Amino acid sequence: MSMLTATSITKHFGGLTAVKDVSINFEKGSITAVIGPNGAGKTTFFNMITGIYSPDGGEIHLDQKTITGLKPNFIAEKGIARTFQNIRLFKEMSVLENVMVGMHIHLNSGFLGTLFSTPKVRAEEEQARYEAYSLLEYVGLADWVNHQAKNLPYGAQRKLEIARALATHPKVLLLDEPAAGMNPKETTELTDLILQIRDDKQITIILIEHDMKLVMRISEQIYVLDHGQLIAQGVPEEIRNNPNVIEAYLGKSALSV
Amino acid sequence: MSLLQLQSIRSFYGQIQALHDISLHVGQGEIVTLIGSNGAGKSTTLKAICGQVKTTGKILFEGNEIQSHPPHTIAELGIAHVPEGRRIFPGLTVKENLEMGAFQVKDKKQITERMERVFQYFPRVKERLSQKGGTMSGGEQQMLAIGRGLMMNPKILLLDEPSMGLAPVVVEQIFEIIQKLNQTGMTILLVEQNAYQALQIADRGYVIQTGSIALQDHADALLGNEQIREAYLA
Amino acid sequence: MKRNFLTILTAIGLVTTTVVGCSTDAGGNNTIKIATQSPLSGSSSTLGEAIKLGAQLALEENQEKFKKLGFTLELVPYDDQGDPKVGVANAQKLAADQSILGIVGHLNSGVAIPASSTYENNSIAMVSPANTAVELTEQGKKSVNRIVARDDFQGPAAYGFATDNLKAKNIFIIQDKSAYGQGLAENFKKVAEQKQAKISAYEAITVGEQDFNGVLNQVAAKKPDLIYFGGLYGEGGLLVKQAREKGLNMPVMGGDGFDSSDMVKIAGKGVKNTFYTSVAADISNTPEGQNFVKKYQAKFGEKKAVQSFSYYGYDSMGVILKGLEDSITKNGNKKPSREQVRDAIRAVQDYQGIATKVGFDAKGDNKYAKVFVFQFEDKYPGKQVGVIEKQ
Amino acid sequence: MKKLTSLFSNSRTFQSVLILLIVLCASTSLYLMDKSVTSFLLLLCSFLLLYYTTFSNWIKWGVGALIAFAVIPVAASGGPSQQVYMEVAVMAGIYIAMALGLNIVVGFAGLLDLGFVAFFALGAYVYGIFASPQAQALFQNSSIFPLGGESFWLFIIIGALVAALFGIILGVPVLRVKGDYLAIVTLGFGEIIRIVFNNLDKPVNITNGALGISGIPQPKLFGFTFTQSSHIYFVVLIVLGFVIYAVRRFEDSKLGRSWKAIREDEIASQAMGIPLVKTKLWAFALGASFSGMMGVLFAAKNQFVDPTSFTLLESITILVMVILGGMGSVPGVILGAAIISILNLQILTEITLFLTQNLHVPEVFSPAKMQRLLFGLVLVGIAIYRPQGLIPAKNKTYKIADLKAKLTQKKGKSKETTTSI
Amino acid sequence: MQEILSTLPQVLLDGLTLGAIYAVVALGYTMVYGILELINFAHGEIFMAGAFIGTALLFGFVDIGLALNWVTLVLVLIFASLLTGVIGVGIERVAYRPLRTAPKLIPLISAVGISFILQDVVRFVAEYKTGNYIVTGQTIFENKIAIPAFSVGGYEVHASAIKSNTLIVIGIAVLIMIVLDIFVNRTKWGIAMRAVAQDRATAALMGINVNKVISLTFFIGSAIGGATGVLYAQQYATINPFIGFILGLKAFTAAVLGGIGNIRGAMFGGLLIGLLEVFAAANLGILTGGALGAEYKDVFAFIILILVLIFKPAGLFGQAVKEKV
């Protein structure tokens, strides 16, 4: 069953067509990778799904319901969470608070409730705290709870972004270059984490990644973008041997080796 | 003697260490490439060389320590950096962009001569002289960016991901020009994600992983390396 | 780090305040202090300072006399910054110092009105050298007095002169949107409306601005035969100057806000044909007046030009000291209470000041406040061209 | 020095003895001496010291309240200077509440507002107009108006609501712009409000223009009229207490976290489901409401309002308080506001008087005249040497052990339930 | 209608004078903003300092017996602008450079601080020297040029007069704008300035000494601000330390209106604000039948600013910048 579908979506910036007529269907509970050279339109594609840009053409459906052109916060409420290529944490806030911000849409405390600190609100806050902590434990950041997000090592920051995204209870999780800046050991851990997330929480995962080892290991489907267009799709083995992909992305010279 | 030598360079972004003891050297007339995944520290290394990020350790250029110099004096020494994402001045015309490359040059005639030389490599740039930089296509911008670097008449050219976001045809062109430049004696330090293409034209290569040099060898050797194949080719 | 900070902070606080705390406790039982409250800093400090200096001069001249009665006179000048908050806080401080028996102040009605409640609560007599706002004395406070004419006297007086002597039939009113300017202009307008004169426009400018060409162009369009301006000399001078530069040569009339040497300086040659009302008679030609200027500048330096507020400050202090003297005599040469001083000051009937004769009515307004009309020629002060008695 | 500080931070006995000593010394000397600014300040410093103790929050608040409600008023009542201290304390309280309001906007939500005093003006005028004869003139001899001093209590709430409402009305268009532009737009709005209040004497006389509104009644309760600063002091204290309580509540709530998240990264916050405009409007409205309340109080205390109290300089003063204390830091902002208002109202004038009276320093050099210069130096100095303020903002720390314990307990429970099924 | 038309030429001329002053001051704001993205709050005070320096110099010239004519005016303009230029550079060194990497709010606060310091220092000096900080200076050109009344299409236009000084103000302001425009668009340092404004890091890679360019920008912006101060003092004769604040605010509004960072936009914005302001002051009362008067002119200026920012956030000539995600 399809969880998220993009139907021929297009985005222009000035004269440049960043994404052109791309249609992709993401199956529920699958792990899908979107790859392609830098500047191919992958992040723009993510930005359209998460509402940061609204597409100039085409439709996006989540769970058969359209989300085309909705504001990012509504899309988040509907169940799409993401991480960012150039990490966007709430730098001055503590690690735990970062995750608690992710719970925003699931907290119901209103103005007066907060002001008078009703038992309901207190219980909710406490619950949120524990859940945030359990998520941090889940991604392996339990020791960093009170640190400022900006003081975390690079790899840990990426994991924190994932924990924060999970806190929104998403149906779909978009990871934008989650392994960038990680060493092989961290990358392996991340790979396990991603698989575990999918298995434990039944979340549909879509990732943009340059680390082919990771991509090939965990993705069930791979889509290749180049110059805003979809040039290939298939299972890892197909992609690995697709001449178009090799030419556009891996380099023509790769053929000669 | 190496033209450029880095000895145990460390860099921090805030409290996060981006470079761990990077040491490398580039000899006169070489093309050396620095490959690695996104966020590994390739660009940071280039920024360290041209004084854009603070570092500890030594950077020697023609035998002189330059690590404490501000960027503009490093440029004066003859190090031209063509930054990632081209970074041409979008509001300036193509001609003004080129003139900025030759900012240190006072002699008008010399500027014209250098410009002519740039046009030899990039005839397309000449056609667009009075156009605003920001209105050009990606490939043209990359050519302008390299051309602007050449206006400095540098001793070494640092290229940061020149193929990024460009059509394969254009990438081929750019790499051809890089090779051509090298044949005229230009020393080049090339940072690339497109590892294979970079190694094709390079003499030597360094593989950088989470801020440290993981591997270094002749380009041919790296091309044949199984690990590299796996990490960067799939 | 932060603890260090805390200690440093405390230390600084302690040191400064030890010095200050001790200093203000001086003065024995025979010391009588009179305070001034006027803006000594900020944009109207020239006027505020004139009040203070005038009052200071009067006080120092009388020190000998009071010494003979067995009292040391002292001046405590407070800076109200033209800010109600500061004025009220200062008023509380004045009230706390039991040796303070009277206050000369304020310049701004906006400060005087809230501060006067504090004076009233503490029975400290206040004599205002400058406030013309009607409300100040309308609440029937026992301790609030003023020597200057209220807006509802100055405005109509000016109107009378404008229509009778200057034959104005079509008047353009401009005000500066300050409490003073608005009070003056509105009272002028009120009479004019009652008398069914033609008011061609009622406009306003902004204090602190320097380009009034916009409003003056409207004047040019309306072609009035008199401009009445409610405001101070700063804007007034520029207004006159710019009007003349536009070839608008009709008479310009203002209140005592024009009554300053700077008016002539700012307006330049254009100041001719400018009129102002003032409660002070022309004293620059009288021996007393010339003597005053001499004493003033000998004391405070040549740079300090004598303003009319210097006279008012001087006279206000004079009235307070007169009341004080009366109450001392009444009290058998003992230090009088605040209430006694307050009542004695209200009872002053015929005090001859340098600028005006002073005697208070039941509300604390000056019975003798006459309005004199002056015309600038090309120097300050102007020539006296009319007197209007209180009806 | 170091020893002393470490002794302070390690020993609670030392802490309590020190505070007790300071409070005792300061209050006795304040009570006995005619006028001692030093002891008054020392007494106030005990709050700061209290803040740095390691006692639990309950004890800190309790002791703090005791000092504020009992020790200070009693100690100050000892001499003729009572009203001076109380006046300063009242003004400091008003400014603290306003600074806390601005702190929500600038410190938490990261929106630079240079026209904040407008909301103070709104509160002041709302009470000023309806509680004074001004309303009678406005509504043509209506018999309801003017409302008396009893209505003050209701107006505290109305003032807050009106200010909040205007916060929202202004916020809707203003929040479409960002950063420096926002600063300029808010500055513009602040000026517009002031100019409008200054000019609304025609065509209909609503605010009496530059002349201001006089005859505003003082608060009344069960026949008792709050005439003196020492009476108003308690009103301010209660309102301020509420404000601090509210700020504390919101800081650690869903809303507070959203503010900070927006300050840190708007795009990421949106991606977390936070609605930008709504969240920012809450910040504007809440911040404004504190100011509105204090405006009502200010009008009632002075019995007079006019536009000169609401200038741009005033907005900047409040901003300086926030920055000096530390943006986003509640204790910092309280300290900053207290320092600046006491400096302005008491210390500068005292030093000036001292210098001109006792040392005969010429008027030109008097520090009170140099207020702008001092302000300027403070601003530049803080910006360069301590941009995070006197007491920098810090994040709430959570006890990891508690979190862990609770979590394992929960896990255990859920396991039990699963097994029981 | 007749009333509005009858004064229109005079209104336009007055608006142009005021607008020219706003425009030149706005240039200073826009240049600094363009290069540092910093609202240099102190710029209005630099303008004010220029007015005071110019006035003091003229007094000095009178004291040593120099005649006041064209030559003295030019001398004063040069001296005052050099001095204010140096002040501007000094301010950048002390108050802005250390904060270049700080969060945006911090340098803004520093700027407000500098603005206060300048106000008070000038006030102190003026008061110390003359006993009063309101200073009335020497005016060099006081003669007037009369324009006789005439009528156009049945509408009568009133007679009016212009000070020759007004023409000088407009003339020099226009000259400054033209020279600056040429400098920024045609010369190497001018292009470098724009390069630094667009991409500071890359400009440094070109061998451009960024600090030097920034200092130069501050120097030029402050120098023309100071020169305008001199002209202003000539035009209005009376100055005080607080003139810079309101005027600076309006000039800044003008810069934002034109699209901050855009030099031609600032010129246009300045002229527009000046014209609008004088027009509003002259005609609001007439247009609303006396309900709203000249006192609302600033409200209109601010409302226009707010409307522009809301509907065209980058100003009339600026370009919108999108944040990269």
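So that you can tell them apart, the chains are marked A, B, C, D and E in the order they are listed, and the count of residues begins at 1 in each.
Methods note: a contact is a pair of C-beta atoms (placed from the backbone, for glycine too) under 8 Å apart; a residue touches a chain by one contact, two chains touch by 3 or more.
Remember, it's a predicted structure, so these values are computed and weren't measured experimentally.
Here the chain-to-chain distance from chain C to chain E, counted in touching steps, is 1.
Inter-chain contacts peak for the pair C-D, counting C-beta pairs in contact. The most distant chain from chain D is B, comparing centres defined as mean Cα coordinates.
A separation of 36 Å divides the Cα centre of chain D from that of chain E.
Between the Cα centres of chain A and chain D there is a gap of 42 Å. Our note on geometry: chain A versus chain C, Cα centroid distance of 72 Å, whole angstroms. The mean-CA centres of chain B and chain C are about 74 angstrom from one another, to the nearest whole unit. Taken residue by residue, chain D touches two or more other chains at 198-199, 202, 267, 369-371, whereas all remaining positions touch fewer. Residues of chain C in contact with two or more other chains: 45, 177, 202, 204. Counting partner chains per residue, chain A shows two or more touched chains at residues 52, 84. The residues of chain D lying in touch with chain A in their complex are 246, 249-250, 252-255, 257-258, 260-261, 263-265, 267-276, 282, 393, 395-398, 400, 403-404, 406-407, 410. Of all the residues in chain C, the ones that touch chain D in their complex are 2-7, 9-10, 13-14, 16-21, 23-26, 40-41, 45, 49, 76-79, 81-86, 88-90, 92-93, 95-98, 108-110, 113-114, 117-118, 121, 133, 135, 139, 177-179, 181-183, 186, 202, 204.
Considering their complex, residues 1, 4-5, 8-9, 33-39, 41-42, 45, 48-49, 52, 79-84, 86-88, 91, 198-199, 201-202, 209-212, 214-215, 227-229, 302-304, 306, 308-309, 344-347, 349-354, 356-358, 363, 366, 368-371, 390-392 of chain D touch chain C. Chain E contributes residues 188, 191-192, 194-195, 198-199, 201-210 to its touches with chain B in the complex. By the touch criterion given at the top, residues 33, 37, 39, 94-95, 98-99, 102-110, 112-121, 124, 127-128, 249, 252-253, 256, 290-291, 293, 295-296, 298-299, 302-303, 305-306, 309-310, 313, 323, 325 of chain E touch chain D in their complex.
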